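Each of the next two complexes has subunit A plus one other chain: subunit B in the first, subunit C in the second.
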Partner chain A sequence: MQLTNRSKIVSNKKMTLVEKIYLPAVLSGMSITVKHLFKKPATIDYPKKTREMAVIFRGQHVLKRDENGAERCTACGLCAVACPAEAITMTAAERKPGEEKLYREEKYAAVYEINMLRCIFCGLCEEACPKEAIFLTDKTVPSTFERDEFLYGKSILTEPLNSTVDVSKRQTKDTLEFKKDPHFAHNILFDPTKPSKKSTKH
Partner chain B sequence: MAKVTIDDKEIEVPDGTTILNAARMIGGDIVPPAMCYYSKLKGSGGKCRTCLVEVAQGSAKDPRPMPKLVVSCSTTVQDGMVVKNTTSPKVLEARKGVVEFLLLNHPLDCPICDQAGECDLQNLGYKHGLSKTRYEEERRTFEKIDIGDKIQLHMTRCILCYRCTYVADQLTDKRVHGVINRGDAAEISTYIKNAVDNDFSGNMIDVCPVGALTDKTYRFKQRVWFSKPLNAHRNCKKCSGKVVLWQKGEDIIRVTSRRDKNNEVETAEDGKVNWICNECRFDKKQASDWVIEGPTHIERTSVISQNHYEAIDLNKLRLEVQRQQRVQGGRKDIGEKYTQEQLPKAEQTEIFEKQKQLGAYRG
Partner chain C sequence: MLAFIIYKFILVLIVFLISLGIAAYSTYGERKIAAFLQDRMGPSKAGPYGLLQPIADGVKMFMKEEIIPDVSNKWLFILGPCIAMFTACMTGVVIPWGRPLIIGGETYALQITDINIGILYVFGVVSMGVYGIMIGGWASNNKYSLLGAIRASAQMISYEVAMGMSIIALVMTTGTISLSEIAAQQDHGMWNVIKQPLGFLIFITCAFAECNRAPFDLPECETELVGGYHTEYSSMKLGFYLFAEYINMFISSAVISTLYFGGYNMPFINELGLANNVLSILGVVFLFAKIIFFIFFFMWIRWTLPRFRYDQLMDLGWKKLIPLSIFNILLTGAIMIAKDLL
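Our next item is the complex of A and B:
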């Protein structure tokens, strides 16, 4: 009795002599192996070597300092309002006299936090920043076991004083053009220690 | 009465009305922007020239056009006058120039400025200005001055609209600040830093179109588009007590007066202007001081409407649902019948109270 019609009839065909000695099959397999010995490997020796990242790769953020080492961020909140994931929060504070070397503008971010669990690395914060303070780097965000460790504050995000994070490749053509244009030269800082010719004393 | 046509829209207004006010009566996009004119302050206007319009026909009796563009805030209408605002390329071009003039000495420090997001000059620049400046000279700079302990004057940002001096003149008992010097050197002065300690001096913060006069108790607390505006009131002996509270989380970080559609301080039903006193503005920052009415209406075009939730307008919602039903069902007759209908007032308040109990308006 047949329950289904899917059963197969077993073939008991006898192997030929060539098939019986197995040698041609072994040799054809070996030839493939040997061919691969002379090919360029598809992998790299990872921890010793790393692949070059794409210029547009968007990884962990950096809060840049200016050429004098002062923090560029002025806590304007444009990155936070541009962020589609609402990952950025900040608290602004006023710069006190004597802190000019630490902070570029009269207002600065006392607290600047990015929740890396929320961040989708879209780079809109970088695009929104009017002060060229935040950039995404080629560094990937490491994984940890604790949720609160993903809340990156200024201590992690701010560029270290002694080593600069190179973001020159990330600066768009427009940004570089913006810097050169004399029409935008008024965007330079007002330095209260150097009174301008026209400034009026009270 | 005089019949005027502004941008092809006709309106009949009382004699002596200015073109700007006639346009405001029509409302909408045709209203010329104004930086210095403030309808609640007598004598204001005529300084910034942003409200320039073209008069294509002077009046019915004398239909000749006016040879130059006129300031709509201080030109009165005449019967049969034809005014062109947005329909005149001449006006738009001139306004672009005016914006450029206003921005000559204005610093580009919007990322720092507390006014950013609710700044008239910022909005004007976006709408009418160019994105670059041709000015290459050095901008005038001043050091910050404290007017009293609650108000800060940042003269660098001032566009000399004179509104604050009118507040000092007309609202407060004793005028303690005005404008000194002339031309490029003109500046708001407090006569040797005399503290402005009138009860209503804080209103100069609200009338300031830029960030020149700012609330020191709010300084750098929060960007305006992250704070939540709520309408609230309290019993105040000095003022109307009707204000807008700006919250950060549960904390009240700022108190301002309520604005009308022209971005001026709102007028109450009895005709009084809802100026608020310094006590309400600077000292009452506990939620327990206020009776909260609900979220303030914010225009969708404003950046403050980011993450801002408002009470649902049930009538609008109902009309929208009906419009959609009409479109889907293709039954025009039903839809049009319903669009005329309004939800009864009693039913509206009932639903509002229910939503309130559920905590829908906690902001």
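Our next item is the complex of A and C:
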């Protein structure tokens, strides 16, 4: 039975005299290889040079802080809902008085984990986030030997306090525009540019 | 007499060092050419353009742990690579590197020893090389090694026949088996490759097989035999085997250049009327240029052709090359008689 029509009948035909001499085939092969001698190498001198990444390359995530150093994420869970690979889990907690410097919103993610083995780097979490809190960067996720080391928590994901991670390439005008689009219900509920006054219903 | 001995000693030393140097840099060249032919960059980390790579490799080989398997025959196990290396280095003595230098009325031949049976000597030494592989492979007491060694010896013995026959045709046209005379004849006349194109093709094919180079590298084909005869070898003993292969390649290139491509001759150089000593220095340069081209040719072939299957290899050797070389002998004889009659 034939499932596809792609199978080929192998021909075991006898070689012709020209083929038996091998030389024409050898010479044509050599002319092909010698042409490659003068081609530019396809590889690069890796550790010294690195390939340029596309500006929209989607690599390891970062949880952004705002200009005062407070975490932007409000643990709304929209990223987790949007994630097709179900890679994101989080536990929400309420901000205590005096923690305003640490957390921008009244509710924050006490635990925020992305399983990098599940993540497919689609960027939908970034698209879903109403608080401009999560972004994908051009950093590649390093490999390790243990599976549990790929469970990235806040300690890895959160932007370091003393240095900002530049996401301006991904946070273009169009994406900001998109986030204000009233077609999407959550865009009305959240205004990413302003901290919310009181906790919103969702 | 003493001067003669010192002169020969220096010459031996130079040829030995050059063989080693060229072999070392062939390993680098091999990797670079492989890389270029495959659109890669090749070794580039050790020194500028990776030029110190052979030294790094050598140091690595020396530092590696030396393992002699318990079940092996220790003496033969050590003897194997020694023979391989020794025979590889020995062939270089009969090759005329240039025309004789004349200094102060004395002639200094740029050839270590001008024995009048040069070609036979080369054959004798080369066929001894198979013992290095055979003994090493057998003494390892490993099935892969043994199979590799058997393949190597079968291959080398089969191809030696065709190689010898292609040389017979050459000897018929030159009328001598001394390498220096063959080189001198070509210096004054045509290169032998024009007289013996078929013989040259047979010879170079057999040279590939004798050196165990691709596409005839069955004795050490990784897909079937792990490492072939040197599976059990490590450290510098493995280095010796690998190194011997490159020296063999260098020597075969030198023999091919001398036998078929005019040795130290370059067309029209004799008409320029240069001084003898300048000519001989230039001759050495030309010879080395030819040798380097043939080494490149060996590598070029290696990175172009896939490996033959074992039965195809034997088929090619016994059923094609040997009849072809016999035909070549007959053809040469017929042409010689025809020339005499006309």
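Following the convention adopted for this analysis, the second predicted complex is superposed on the first by the 132 of 202 C-alpha atoms of A that agree within 3 Å, B and C clash if a C-alpha of one lies under 4 Å from a C-alpha of the other, contacts with A are read in each partner's own complex, and residues count from 1 in each chain.
By definition in this document, a residue touches a chain if its C-beta (ideal position, glycine included) is under 8 Å from a C-beta of that chain, and two chains touch if they have at least 3 such contacts.
Remember, it's a predicted structure, so these values are computed and weren't measured experimentally.
**Student:** Could you say whether A:113 touches subunit B, subunit C, both of them, or neither, answering first, second, both or neither?
**Tutor:** It touches nothing on subunit B or subunit C.
**Student:** Looking at A:71 after the superposition, I want to know if it touches subunit B, subunit C, both of them or none. Which is it: first, second, both, neither?
**Tutor:** It touches nothing on subunit B or subunit C.
**Student:** Considering only touches as defined above, state whether A:34 meets subunit B (first), subunit C (second), both or neither.
**Tutor:** The second partner, subunit C, only.
**Student:** Could you tell me if A:43 is touching subunit B, subunit C, both of them or neither one (first, second, both, neither)?
**Tutor:** Second partner only, subunit C.
**Student:** By the touch definition at the top of the document, which applies to A:130: first (subunit B), second (subunit C), both, or neither?
**Tutor:** It touches subunit B, and subunit C stays clear.
**Student:** Going by the touch definition up top, name the partner, subunit B or subunit C, that contacts more of subunit A.
**Tutor:** Of subunit B and subunit C, more residues of subunit A lie in contact with B.
**Student:** After the superposition on A, what does A:80 contact: first (subunit B), second (subunit C), both or neither?
**Tutor:** The first partner, subunit B, only.
**Student:** Where does A:26 make contact in the superposed view: on subunit B (first), on subunit C (second), on both, or on neither?
**Tutor:** Touch status of A:26: second partner only.
**Student:** Same subunit A residues contacting subunit B and subunit C, which ones?
**Tutor:** No residue of subunit A touches both subunit B and subunit C.
**Student:** Which stretch or stretches of subunit C touch subunit A in the complex?
**Tutor:** Listed in rising order, the residues are 33, 35-41, 44, 201, 300-301, 303-305, 320.
**Student:** Applying the document's contact rule, which stretches of subunit B touch subunit A when the two form their complex?
**Tutor:** The touching residues are 107-112, 116, 132-136, 138-143, 145, 156, 184-185, 187, 193, 219-223, 225-226, 303, 306.
**Student:** In their complex, what parts of subunit A are in touch with subunit B?
**Tutor:** Within the complex, subunit A touches subunit B at residues 74-78, 80-81, 92-94, 105-107, 130-131, 181-187, 190, 192, 195-202.
**Student:** Which residues of subunit A touch subunit C in the complex?
**Tutor:** Touch residues, subunit A against subunit C: 20, 23, 26, 29-30, 32-34, 36-37, 39-45.
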